[in-house]
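Here chain A shows up in two complexes: once beside chain B, once beside chain C.
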Partner chain A sequence: MASAANTNLNAVRETMDVLLEISRLLNTGLDMESLSICVRLCEQGINPEALSAVIKELRKASESLKASENCTN
Partner chain B sequence: MATLDQKSPNVLLQSLCCRITGKSEAEVAHQFQYAVRVIGSNYAPTIERDEFLVSEKIKKELLKQRREADAALFSELHRKLQTQSVLKHRWSVLYLLLSLSEDPRKPSSRVGNYGALFAQALPRDAHSTPFYCTRPQSLALGYSERGAALSASVGTSGISSLGVYTLNGPTPTPQSLLPPQSAAGGGQSLGSRLAWTLPVSCSPSTLSIDCLNVSETALVRDILYVFQGIDGKFIKMSGPDNCYKIDSKVVLCKSLRDTSSRLAELGWLHNKVRKYTDARSLDRAFGLVGQSFCASLHQELKEYYRLLSVLHSQLQVEDDQGMNVCTEGSLTLRRLLVWMYDPKVRLKTLAALVDFCQGRKGGELASAVHSYGKTGDPQMRALVHHILSLVSHPILNFLYRWIYDGELEDTYHEFFVASDPNVKTDRLWHDKYSLRKSMIPTFITMDQARKVLLIGKSINFLHQVCHDRTPPGKITAASKSADTPKDAAELLSDLEGAFQEKIDAAYFDTSKYLLDVLNRNYLLLEHLQAMRRYLLLGQGDFIRHLMDLLKPELARPATTLYQHNLTGILETAVRATNAQFDNAEILKRLDVRLLEVSPGDTGWDVFSLDYHVDGPIATVFTRECMGHYLRVFNFLWRAKRMEYTLTDIWKGQMCNAKLLKTMPELSGVLHQCHILASEMVHFIHQMQYYITFEVLECSWDELWNKVQQAQDLDHIIAAHDVFLDTIISRCLLDSNSRSLLNQLRAIFDQIIEFQSAQDSLYRSALEELTLRLQYEEKKRQRDEEGQWAVTEEQEAEEKRRIQEFQDTIPKMCSQLRILTHFYQSIVQQFLVLLMTSSDESLRFLSFRLDFNEHYRAREPRLRASLGANRGRRLSNI
Partner chain C sequence: SSSITELLGALCDSSLSGVSWKRRALGGLSREGFCRALKRCAYGVLLSKLFQDGTKGSASGPSATANTPPRNKVLMICFDLRVSGCREEAERLEEQLERLPEGESSGLKEVDAVLELLVHLAGSSPPPPTSF
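Moving on, here comes the complex of A and B:
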């Protein structure tokens, strides 16, 4: 069982590496942790369109907040 | 990350929010709420779950950014991903990454992007709320699925109407995300923002129709559906009016309404054409021409669909690019009007064609299409000509097969040559093939159609009747037949020249070959001449000899005649005269025929010659023709018999005149006989002259010339028919001259009676003469013996006998006189009828018959009619 778990682990790690590469190629700006969360969410059946919209929103929100903070600062 | 564990999505989502915004959990509460709402509302993805498509899209994106190496790298990675089976929803991950991807070339100022969002008609107002506009896809869909809790916090109870959208303004939650930037200027910008609020990926059915204001893009989308004949959201086909109508509940400004009506016409035209092709493709009996017509319509429709798909993809591109699209390339109704102008014209032509061609098939259909090509508009003409070339291609195929191979395979009766399967081979030439006039296309003239019919008929005739199996390739150099529609198009463009040449060449070659075969193998011309010689009494020595031999036979009653006897006599006659040098083939066919016997007939009434015809010759000498020939033979034979009889009479007269000089009491009778005989002889001579020279020889000459010059079998048949008709009418055998013929028959009968009367006269006279001579002889003998020459009793007896004889003379005299009188009256009547006949040559005959006006003197009617006619004729000159 341990070996099976090990191979599983390796496979998972490989997959994540590949996905990280792809994400880097596509310049998505996702780091490893966010990517893993997204992958988990997708695996659970979340609509990727909605998810991407959410992410974009959050990014914009954070950007604008930062901008406003900078302004006020 | 040991396993993709089963943390609940909410938790994951929260951690994601924290991660991205970089804030703690408490601060991202609003965002988290918002995220939950978005995800919850937009549960089902609207695009296709196709991994391949997504990967292709990614590659395209990379290539657009000129990163080919990266694209290759991505393919590698993707392949690797596919081999590993860890992920279950690869496509969603890929899609997510794609949608998050950013073009490194683009400026990353996201704030600036908001301004670009409203580039349409808005002032670049930093106060406008971006979030509202970027929310369409998440809010509009599936609003019914949202939980009550969420909706309560949202404030907009549903996107049942975009109007509510406008009224309520932006929802409070997004506003909370952007505290300083409030929607102060939101109110004014709503109208223009509405142009963008149309959800990109919604299908027409999910939005309700109670919208009060419809944007142009919505209309454009609708119109694109209408172009294909599918009812759109707002524009539907209204059955009773048979047009596309915009739903009355929709509020549209007038210009938009008009423009969309104009564009909707295309949908109507498309439906018409489509309906026709669909209906016709199910019709099995439509035939090849109809099918090619439908195929050409299909081709045109395919082009049209191609255009539509281009428009659709244009619309799709705009939607994909979402916010960043600029206005110059977008699809508006006016652009559509301009772009669809040409297709509209084409579709109009097609629809008109479809209307015109309803219910037609075969050559009719081709004629209909051809008539539509007579227009000044070059585009329409080109289109119609293209369709015409496709449509006429099967007809030309039929044509070429027919004229080069003689084969007709036309299950749907589309070709203009029809074949009657019930007709047998002996009537092949006349009855089997005919022209179907309705199926002759208008670009083929009647003359060409007739020639085509003749060519195929000749080939079939050669094959079936003449048993000539030369392959048609040898007859005519078959040019390349219309294998492709392009050939048909070329041919159609040069109908006068190339097509006519082809047909003419085939016609000449085939007909010449047919005539060669007929003359060489079947001796058609020889048979024609043989008919003339035997049935029309052309071979004089043979006929005379035959008559000589037959005279004793035919004098017997008809019932005692046997055919084989007569045939034997015929053979003898043939062998004894020049007829023996004739072709054996011809002599084989010569035969005796005995007509039906009525009571009281002698042999003369039932005898006839016959000529057997079969095979190809029977096409020219049909049964009717042979019937005509036999009637003419009958007439000529009778006339010949009269001539023969009169010759006998004259012979008798010459012989006996000297002998009977010693009986002066007979001289009166004999003189009368002589006169009557010469009258009759004159009459018969003139008749014979007329028949032989004026009727037979002239017509024969004409016939022979025509036959020598004939180019095809039809010409020969026609000339032959004309020949026979002329002869029959001139020989008084047709129905108009019945009275004349009766007169003539009566004259002939008189002649025969005269002959018998004269015979009996001579017989008795000669008997008397012999007795007297005997008496004289006896007297002389007794004288020589020294006895008294005659005793008184003998002398008395002799005197008595002579007296008896002389008593019979007046009886004979009166008999003759009656005969003469009767004869002359008949002849006069005959002359009167001749005078008034319509045929000129008959009138000339009457002149000749009465050259010294012998009859005119006696017959007052003749005098009047002759004079009147002469006067009339003179006045005509």
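Moving on, here comes the complex of A and C:
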């Protein structure tokens, strides 16, 4: 039982490493933390296209916040 | 495993990394308040996409690549990279795609959905600076 769980954990790790490398080559801007969150959201049934739109909106919002920070400096 | 609400909250938090909140708090803008606004925005986008999905067929019709498997979409990106002279990147991408396990052997339930997400986000971030 424990060995089956270990095998699955290793498979997940390996898959995540490959997905992160693909993500990096595609310049998606996702780091391992946000990629892990996205994987879990996809596993919960969230539509990938909708999720990509959410990520782009969140980026816009945080970038405008950072830009306003630079203006006040 | 976490709920969608918790995961969206975590996504909002991670998008705010690198923002300084000490001085902002003095101006009345707190991290919690901004995070709440981000979550509202995230749910707004998700819901708008949900309704778009329901009307897509009747309004504009499905796009040519709507039913293309995500692995094929990545291969199409590889082709575009080659055409634009980025042969090395195309080869690395093809190599990684070959390494990506399919179905249950990946340990994930939705590996193709994740790949689809990566395709949608492709090029949304500037490429890393090249070293000389």
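In this section, the second predicted complex is superposed on the first by the 73 of 73 C-alpha atoms of A that agree within 3 Å, B and C clash if a C-alpha of one lies under 4 Å from a C-alpha of the other, contacts with A are read in each partner's own complex, and residues count from 1 in each chain.
Just so it is clear, a residue touches a chain if its C-beta (ideal position, glycine included) is under 8 Å from a C-beta of that chain, and two chains touch if they have at least 3 such contacts.
Treat the numbers as computed from the prediction; the structure is a model and nothing was measured.
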Chain B versus chain C as contact partner of A:Ala67, first or second or both or neither: first
Which superposed partner A:Ile22 touches (first chain B, second chain C, both, neither): both
Which of chain B and chain C A:Ile46 touches, first, second, both or neither: both
Partner chain(s) touched by A:Asn6 [first = chain B, second = chain C, both, neither]: neither
Chain B/chain C common contact set on chain A: 8-9, 11-15, 18-19, 21-23, 25-31, 33-34, 37-44, 46-59, 61-62, 65
For the chain C and chain A complex, residues of the former touching the latter: 1-4, 7-8, 10-12, 14-16, 18-20, 23-24, 34, 37-38, 41-42, 45-46, 49-50, 53, 74, 77, 89, 92-93, 96-97, 99-101, 105-111, 113-127
Chain C contact footprint on chain A (complex, rising order): 8-15, 18-19, 21-23, 25-31, 33-34, 37-44, 46-59, 61-62, 65-66, 69, 72
Contact footprint of chain B on chain A as seen in their complex: 8-9, 11-16, 18-19, 21-23, 25-31, 33-34, 36-65, 67-68
Complex contacts: residues of chain B adjacent to chain A: 1-5, 7, 9, 12-13, 15-17, 19-23, 31, 34-35, 38-39, 41-47, 58, 61-62, 70, 73-74, 77-78, 80-81, 84-89, 92-104, 110-111, 130-131, 134, 137-138, 177-178, 180-181
